[in-house]
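Read through the structure below, which is laid out as structure tokens, and then see the notes.
Chain IDs A, B, C and D follow the sequence of writing; residue 1 opens each chain.
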Amino acid sequence: MQPVHIAVVGLGYWGPNLVRVLHELEDAEVVRICDRDPRALAALHRRYPSVPTARSFEEVIADEEVEAVAIATPVGTHFELALAALKAGKHVFVEKPLADSSERAEQLGAEATRASRVLMPGHTFLYSPPVTLVRELLLEEALGEIYFVSMSRVNLGIHQSDVSVAWDLGAHDFSILRYWLDDVPERVSALSRSCILPGVADIAFVNLQFGSGTLAHVEMSWLAPSKLRRTAIVGSEKMVVYDDTSNEPVRIFDSGVVLRDPQTFGEYRLTYRTGDIVSPRVDTTEPLALELQNFCEAVRGHVEPRSTVALGTDVVRIIEAVERSLDEQGAPVAVERARASTPESAD
Amino acid sequence: MQPVHIAVVGLGYWGPNLVRVLHELEDAEVVRICDRDPRALAALHRRYPSVPTARSFEEVIADEEVEAVAIATPVGTHFELALAALKAGKHVFVEKPLADSSERAEQLGAEATRASRVLMPGHTFLYSPPVTLVRELLLEEALGEIYFVSMSRVNLGIHQSDVSVAWDLGAHDFSILRYWLDDVPERVSALSRSCILPGVADIAFVNLQFGSGTLAHVEMSWLAPSKLRRTAIVGSEKMVVYDDTSNEPVRIFDSGVVLRDPQTFGEYRLTYRTGDIVSPRVDTTEPLALELQNFCEAVRGHVEPRSTVALGTDVVRIIEAVERSLDEQGAPVAVERARASTPESAD
Amino acid sequence: MQPVHIAVVGLGYWGPNLVRVLHELEDAEVVRICDRDPRALAALHRRYPSVPTARSFEEVIADEEVEAVAIATPVGTHFELALAALKAGKHVFVEKPLADSSERAEQLGAEATRASRVLMPGHTFLYSPPVTLVRELLLEEALGEIYFVSMSRVNLGIHQSDVSVAWDLGAHDFSILRYWLDDVPERVSALSRSCILPGVADIAFVNLQFGSGTLAHVEMSWLAPSKLRRTAIVGSEKMVVYDDTSNEPVRIFDSGVVLRDPQTFGEYRLTYRTGDIVSPRVDTTEPLALELQNFCEAVRGHVEPRSTVALGTDVVRIIEAVERSLDEQGAPVAVERARASTPESAD
Amino acid sequence: MQPVHIAVVGLGYWGPNLVRVLHELEDAEVVRICDRDPRALAALHRRYPSVPTARSFEEVIADEEVEAVAIATPVGTHFELALAALKAGKHVFVEKPLADSSERAEQLGAEATRASRVLMPGHTFLYSPPVTLVRELLLEEALGEIYFVSMSRVNLGIHQSDVSVAWDLGAHDFSILRYWLDDVPERVSALSRSCILPGVADIAFVNLQFGSGTLAHVEMSWLAPSKLRRTAIVGSEKMVVYDDTSNEPVRIFDSGVVLRDPQTFGEYRLTYRTGDIVSPRVDTTEPLALELQNFCEAVRGHVEPRSTVALGTDVVRIIEAVERSLDEQGAPVAVERARASTPESAD
């Protein structure tokens, strides 16, 4: 297939990774790099001297050679930039979260549908091989009924000054939950604290309730003694621990509780079943490469992207609900549902 | 000092441990063992043939040789048995939780004061050397301001059929929090699920807010892929990880965030400080031995017990608030405060 | 079956464990406990008041009620006591190592054969469920050709003052190797040092070469920063790590090297195969209980004991070779072979 | 200081790392890259288009702009290339091991002295911050008398086809030992096996004896179930574990054995002292950057390099002794001593 001609916009912390990975993909060609900061632009230009630079976004979307734009700018600018790019007929890859409100995320989705262009939010964890492996276990119903999911994503740093830990780290865990469970929680409640910067929550404890009965808890923190990325998924048949910092990122525990029939007088008899523990071999391809490959294939019309606008919008809805719960001192609040008219629902 | 003559009542799961440890203490002598179940009684009698048995509690408290009673019966019976023992002039050690309601816990406290007898709830973790070591760090303010505490106490089993995971495991963590922070949370919110037995919550996620600003989160579960006992205490100066399943149960991280003065235009500059990690040597004495020794010394009038009625009553109040929050679908609820007339407040 | 009437001789560090475990076995009854030290005897008598005591070994073997003797005395006394017991018509269980020289071990074996009595050396690790599980993997040839075995058995303490680390810890590892590989090494070489007590080696590095080509290395030490019990068995098809201090004592790695046919000009092409890692469920029965049960069944004539005199004698031969190599400054020395006339060879 | 103009020769597995790191050093400038394989040359040229290439070594040493040559070619070519470069007046950095025989290593040293040029073997681990930290502990005698060192360096892969595991991995561990102990072992004995490729030992167990009494053991393997880089250094006062794969690469155990004065009748009384465990903060600078910076400073005449020709030659002598012991079926052999006339001895 013809390489997709992509411009990368926003060369701060994450943008250079997009450039590096796209550079190595056969199906992509970086045709422009763009940042308002001349130093960031110059630094990357030194590494990729053959790629033309642009200091203004207008220049990028006016460039006819550019088929697609990859946006890695601050969250507050996603909506405006993505909308302009779609209106200019470009395909758009936009870093997570898709937009800073679900209403704007929906608007972007509507515009992509109208313009028949690919719009894909950058939820990289959906392309992480261990996450995919767990998704397959869940599709096969290997774990039985899912009782609960417990997630910890904590380490020391890296504080953001513009968004809370829920907008930053939460976007990862909520996208994973949405992908694994194919579901949006009905209600969430949350507690957080701004320990370091006033008004910027840097720790949060979030509870989520799904219609199926599944519960989830997410602990997220930029303030923790040591890095911890541990997710436990407990089902009626098996249990899984996923830890992307481990050499064995997925561990499957063939353990559970066996409930014998209730005895007379309401006595229950339980036994615990503990079996083998298996660490399946997990592919080590870089998730970002798989993600951008998926984007290129979607642009060429071969596939639906795995990371859909519907999913990206749902993630924003969950974050909004978390923020609402925080405003109401931790009261449980309902997560807004996708409206019937949302383009993705029409799929 | 003269050995305290103690009767142990309730020989189910935990009672035999009380007998074993009291048997080895120089300052205690087990003068009676008591259980309604003749098999439980006979089994222990075989191990300690010289200790007289009793099948009725009345027999125990009528025995003049008995100075103190250690109660390890189901939670629902604590109030009645402890009250009767106090009224009979016995000192009372009662396994956690002190009673099945805070009102009853207060009544027991009032009766102990009236009768001038020691009443001590069995919060064994208060005597665990790693917990004590952390308490000392906190007293010295070595950690700085306490931002948050995150606790996980999960494993596969052991389901209780009469009480929820909050009454069972929660009693441990809430007693540790009360001891460390010398404070009772103002509000709690909780989410739980009864996965195995109808009506018996076996997993719970509990958020706690303290007046000082400190947050805490406790995850408790009888359903988990592997045993996890991990508590992180994050302060402005240092962070501590406490894990009672580890060979290094306390680890002190000399790490934190340094916030430089706000710059012009509201820009903050943060740096991360990571220093040495120290695993202090921790004494390995069995907590139960330290606890029962403390009880004997309290009976002899030498000391106030570390595990006070005030603390035990506060723990019950926290559990009650958790249960109320669960009844209200996870709404944050206030924890009841100790009334001024509570005997312990008078200390 | 009728319980075997056993006397336990030697109540130092290990003997009380024998008494405890035999006490709980249905097929055994402890009919005598014996030690020359009245304090040791009295201490155990308090725990088991119904078991008669004896201060002299003669008394024990003169007692007609005693069918079998379990010997847990210092190594230097094994030969004399076991021989006297066999001559008195008793079955004999003797703690490892069987005797302080292979010649004496052979003599004991010959006497047992002559007297038609069971003689069983106490190599407890042969009854450890993880060791048994690895043995089964090896019997099935699941690992392919065994390239090498690397064993570390180190911790801080417990120094012996009468025997070297090779006689103490080595007896464990050499018994495991003999059991797993069903083979005795042809040659051993060793290096050791007496760091703390003059003349008592407390660390040793031992290399072993088997006729099959398999190599083994054993590191043993009473002086180590932390307890380490790690054995790696590397085969052409799979690799196994056995660690008896871990919750997952056996881990099977489906990994290896694939050698493609030699290319022209002697170029080889290798690829590395890494597959799943499995931690099989391992039974948690106490090895000592399985071992003593096996002894009782052997006494009753139902089975050959797993821990044979032939194995126990081979272990002593390996230790003797280690000591010879140490005397010759680490030169490789041959391990003496069992003589054709050894009773066990006749099996 | 003026940047040192360096040519990098050999662009196989390691050479590109030299180019990358030199490229980022302010005190170095890569002025040539050289390889006989046009593909290797072209691949690197694409990444560094401004650096001139050379296909012949002669071209490199004839280039007057080249002040120093960094050699990363197969071991068998080190001698010839380094000698020619020195004779051409260039300073020389040569990857470990310095040469394929100690005689040739000495010849190179003599030539460097004669030509007044820096010759530095690339023993990167001497620049690894955890190794340096342990070296400082040893210089301060913080560990007391060093009883023994136990090293494991094992993983699955990467087989070399031209040299044995001792020449490859051994060069690392022997350089660390030489650096830490400032000493060369008197005798070594070794056992190895060629499991995969005929004639290429891929596992080896090496014992080393130092004149001070210190013992060392090194296990090295390209065939192991999982990566293990664990070194324990046991001293009379403290013990250290160094593991360069860990987040806490150095751990200091304040533990040991206390020997009380011998009692009457030759009884010794030992007690075990276990204190705190400290994981000091360790700098995370890339060792290769520190090493090449050290080379540049040596070229400019500011410092003696840490990795000296004397050390590099000793490492080759130890490897030669290992190979001799292997030829003699594991017999202990003496390590050849540096001759008085060796230039480095004159320092």
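Observations on the structure shown:
Quick note on the criterion: a contact is a pair of C-beta atoms (placed from the backbone, for glycine too) under 8 Å apart; a residue touches a chain by one contact, two chains touch by 3 or more.
Source: prediction; values computed, not measured.
On a Cα centroid basis, the chain most remote from chain D in this structure is B. When the interfaces A-B and A-C are ranked by how many C-beta pairs touch across them, A-B comes first.
Chain geometry summary: the mean Cα position of chain A and that of chain D are 44 Å apart.
The centroid of the Cα atoms in chain A and the matching centroid in chain C are 54 Å apart. With each centre defined as the average position of its C-alpha atoms, the distance from chain A to chain B rounds to 40 Å. Those residues of chain C in touch with two or more other chains are numbered 226, 274.
Per the touch definition, chain A reaches chain D in the complex via residues 49, 226, 247.
Chain B meets chain D in the complex at residues 248, 274-281.
Interface residues of chain C facing chain D in the complex, by the touch rule stated above, are 147-148, 150, 154, 156-157, 159, 161, 187, 189, 191-193, 195-197, 203, 205, 207, 209, 213, 215, 217, 219, 221, 223-226, 232, 234, 236, 239-241, 251, 253, 255-257, 259, 267-268, 270, 272, 274, 329-332.
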